[in-house]
Amino acid sequence: MFDTALNANDLIFLAKGAGMTLVVTAISVFFGTVLGIVFGVFRYQVGPWWAAPLTFVLDVFRSIPLLIQLVLANAFVTTVLGIRISGFTVACGVLSLYTAAYCAEIVRGGIESVPLTLRRAARSLGLSWRQDMTNIVMPLATRVALPSWIGLALGVMKDSALVYIVQVVELLKSTQILITRLQEPLFLLMVCGAFYFLISFPIARFGGYLEKRWSHD
Amino acid sequence: MIEIQNVRKSFGSLEVLKGIDLTVAKGEVLTIIGGSGSGKSTLLTCINGLEPIDSGKILVDGTEVHAKATDLNKLRQKIGIVFQQWNAFPHLTVLENVMLAPRKVLGIPKARAEEIAVKQLTHVGLADKLGVYPTRMSGGQQQRMAIARALAMSPDYMLFDEVTSALDPQLVGEVLDTLRMLASEGMTMICVTHEMKFAREVSDRVAFFHKGVMAEIAPPAELFGAPKDPELQKFLAATH
Amino acid sequence: DKLDDIIAAGTLRCAVVLDFPPMGSRDANNNPQGFDVDYCNDLAKSLGVTAEVVETTFPERIPALMSGSVDVAVASTSDTLERAKTVGFSIPYYAFENAVVSREGLDMANWEGMKGKTVGATAGTYEAIWLEGKVKEWGAGEFRPYQNQADVFLALSQGQLDATVSTVEVAEANVKSGNFKGIKIVDKAPMVPDYVALITLREEYGLINYMNLFINQQVRTGRYAELYKKWVGEGEPANLTIQGVYR
Amino acid sequence: MFNYNFRWNQALNSLPQMLEGALVTIEIALLSMLIGIAVAILLTVFRLSGNRILSAIATTWVEIARNTPALFQIYMVHFGLGGFGIHLSPFLSLLIGIAFNNAGYLAENFRGALKAIPDTQARAARSLGMSAGKAFRHVVMPQMLRISFLPMTNQMVWAILMTSLGAVVAMNTDLYGVTSELNARTFRTFELFAIAAVIFYVITKAITLSARVLAARLFRY
Amino acid sequence: MIEIQNVRKSFGSLEVLKGIDLTVAKGEVLTIIGGSGSGKSTLLTCINGLEPIDSGKILVDGTEVHAKATDLNKLRQKIGIVFQQWNAFPHLTVLENVMLAPRKVLGIPKARAEEIAVKQLTHVGLADKLGVYPTRMSGGQQQRMAIARALAMSPDYMLFDEVTSALDPQLVGEVLDTLRMLASEGMTMICVTHEMKFAREVSDRVAFFHKGVMAEIAPPAELFGAPKDPELQKFLAATH
């Protein structure tokens, strides 16, 4: 089973696909997290009533298959609006918003976990809202939110397998391309699955460890 | 001087403060006693502007707390406040807890802020706990740390809201001793407390709150010795 | 218009399907190659611009065109009337015959043996639409549209499918490669030859006109036959004219 | 504002077909949840059993399900098993792929839920003379299911969303499959997928709302 | 009759029971007292086989609890046990809690099981709570329900492990009254308790455990009146 026609070039090709998976993931997680923090803080700050429109929009991103989001966004931007942008940009844009939708919930949960009395204590020492947010809320909320955030980031990495639909050649797609040429589907899929697993598994375990450790304090 | 003039405050349809008038002079120690829900905590959080008020005025050294133009962050530096529980920032060491506000709010350089913090922590008897995280300390030590943290801002006034009521009985003493020490040093203080013995000993005046109204205010000997308000009489009977 | 835009931009972006040998595939370095890739390069050369090959799947090629991610598709697109409502076709640049491919050990004498069997093809292709229609007509058996040609042959060699219909060229290439064990060509499929054309947006008459002339020139200069020999091999390339049609 | 001509009529004509597809989508999601819950309970029991082999099997299952893309899992069910001569129809491949994923995630949830149930509960049940199995079935499991009800609802939503991955195993009767087939024929990509998106949204909302109602009726304690 | 013969039991390197010998006759009420960690709870859970033992023997009506051949599920039907807390199954109503074991273990039909359950719940004074979920009840009511649940299996013996120690003081009385009632009805009982007054009143004999050893056992008048063991003297001095 392991005698394979896979050559060094193919490995580089696969590595490029894996690189694309990681790049798309990194960009989306970065912008998604930034947006998620903004949305999450906003939702917490203005209360459920004023945040309702935002809540609805974010909810939509969590209620529609990512594949359809990608197809729709691509069709909308390029066909309907007639703007020429690359599939890569569409993929990163959609995945970022998708990430932000989940991240906002995590952020809100994290902020809510900081006892109100602690925030009052900070404010009554003369700390401004911003200083309270950066010095008290952020460090404490991070402890609560980080494990879920790690789970989210890994989820985005796995979901990025779907961006092939907008012509981005990521890991799973490069694997399929090689399968077409080499016709060794099982072996190549194993390699591909192992890649995801080897990245995801240790990080997921690390997240679990952090959760356990921090819930003890 | 803290001047409270006819202050009213409601949460929704619940009127919590029904026109409070009260003046606390420089150097005075005022204790507030009263049943649960009578509005004591609410009054304290109004004094340093954490809660808005519906009508009336609160002046601290002549500055109106709830005026639009007032810089609350600046005003709060004058008024230290310590709450019942959850006072310590759990992610910072004791020293860092106390240094935080001087550095971030007053912009004091690190070395100088540390000096101040060590001084105040020594003052409340925590000189040996500097590097410790609050979760590793007893409730009484955490409360004393919170006091040091407020003192590090060199406030002119200190507000204490039942700082001992979440503590195990054997830890209450050490915190009350710290308050006594502050009182003897001439700090202007408003203490909400259930410790009648402490109130009697330390206060210049004691105020009794009942259902959002300040029903009686008098020097402790008079208030405890010859209570006039019938609700106060009931209250004292129940607590003795 | 688009023709000017392409010349101004200096690049021609072609959608090509790369899991469809010999028309499109990848070489050992995973670079695109094949009949369609060469046609794209020729077209670019004639325009005096550089070619950029964008890989698409069969189901994706028209959306890619509509969404402006490519300028034209050189992707063996069958010129159906239904599609002509949405996109603009050139004259045919190639014509496929289709073959029925089945597994060894399966008793299938001719194309009618597919009746009642589990058959499949690449989603969205000419032969898939034909085959699905046949299955409906027979009222027996099952049709499965896979996302790409490779999956179809993989399913066939694993025994998940009993037969498929694909172009003769593709069928022969895959049987010959030996990558898929136990598949064999059974019969020609009784379909009208599958004329395929270059496509671009419906309203780009200038570009369509240009492409028509380009195809004509390819045949005239012998480039058509040359590339046929290079990619398909022995035999005659299909005649692109249809007897008895006024043109 | 747009140069694009929306042709909603043409797409809306396909609505009946798409709604039929939606039924298939719901069917797959529901079945995959039922199978997923049953298997997850089994995996949970395996992990509790103290038997090395059983708990290794369960752990492997859970970790693969949680650490590889669902698309990959579904593809492997079809072509991976196919390589061993096990041929599953697109429907079954998709169903089993999603159920595999569900079971892995749910088993992890159940484990968390079990931690939240004091072990005196099992002790109390055992001391009434119940066997370990009965104690689990009548006392521990109902409480576990209650604690994991919200995660289960989320997983159900995920199952609905995952049906869209069926195209890789030639699934063409579910909502996504029907939509993409219509798209291949008419190329009204935006209109068709917009309608599909709305249907998906309605389905997931219906699920979360009915889960809320169900929770209120099921868990009155 | 419950016979405990030289029972030893360790958790890891910690020896919790260091050779206990004890016999409880039919109809007897035995109370066990002793400091925290002295092994009282461990002994009870060994008696009904929830915990294995390292050496020695426990016989219940002549059946050896820890013998391989013993059907523990059957044996446990004879021995009711009620723990300190978390006894109630929160997902079942009070009635369902009590009916569960008779139905699932004894296979009694629903109607008959309900009859039994209602009878036992009436017995402990919960006839009006049948359809209520335990989380809606006070701790004392939950404990009485747990007693009824054990009684519904018609046990010959009842073991109680500090059933009142997690309760608010005002709820302790109602549970102790239920135990008193059972004792007066002739139930064979072993009660681990910190309620000395209760032990004195109800017990036929009282056993004092200290660090895994049964240091003294005697009728209550003797044990409380003239304790011999020095540790017991200390223990009683501390609790009085």
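A, B, C, D and E label the chains in the order they appear, each numbered from 1.
By definition in this document, a contact is a pair of C-beta atoms (placed from the backbone, for glycine too) under 8 Å apart; a residue touches a chain by one contact, two chains touch by 3 or more.
Just so it is clear, the structure is predicted and the values come from calculations on it, not from any experiment.
Connectivity of the assembly in the absence of chain D: the other chains, held in place, form the touching groups A, B, C | E. Shared contact partners of chain B and chain D, listed by label: A.
If you tally contacting C-beta pairs for each pair of chains, A-D comes out on top.
Centroid to centroid, with C-alpha atoms defining each point, chain C and chain D lie 37 Å apart.
Chain D and chain E have Cα centroids lying 45 Å from one another. For chain D, the set of residues touching two or more other chains reads 79, 83, 189. Multi-chain contact residues of chain A (touching two or more other chains): 71, 75, 79, 82, 185.
In chain C, the residues touching two or more other chains are 63, 66-67, 154. Chain-to-chain contact here is organised irregularly, matching neither a line nor a ring nor a star, and falling short of all pairs touching.
Across the whole structure, chains are in contact as follows: A-B, A-C, A-D, C-D, D-E. Contact residues on chain E toward chain D in their complex (touch as defined above): 45, 48, 50, 73-74, 76-77, 79-81, 83, 85-87, 89-91, 100-101, 104-105, 133-136, 146, 149-150, 153.
Touching chain D in their complex are the following residues of chain A: 60, 62-69, 71-72, 75-76, 79-82, 154, 158-159, 161-162, 172, 185-186, 189, 192-193, 196-197, 200-201, 204. For chain D in complex with chain E, the touching residues are 118, 120-121, 123-131, 134, 138-139, 142-143, 146, 219-221. Partner chain A is touched in their complex by these residues of chain D: 2-4, 6, 63-64, 66-72, 75-76, 79-80, 83, 157, 161-165, 176, 179, 189-190, 193-194, 196-197, 200-201, 204-205. Note for the complex: chain C touches chain D at residues 59, 62-63, 66-67, 82-83, 86-87, 120, 123-124, 129, 142, 144-147, 151, 154-155, 158-160.
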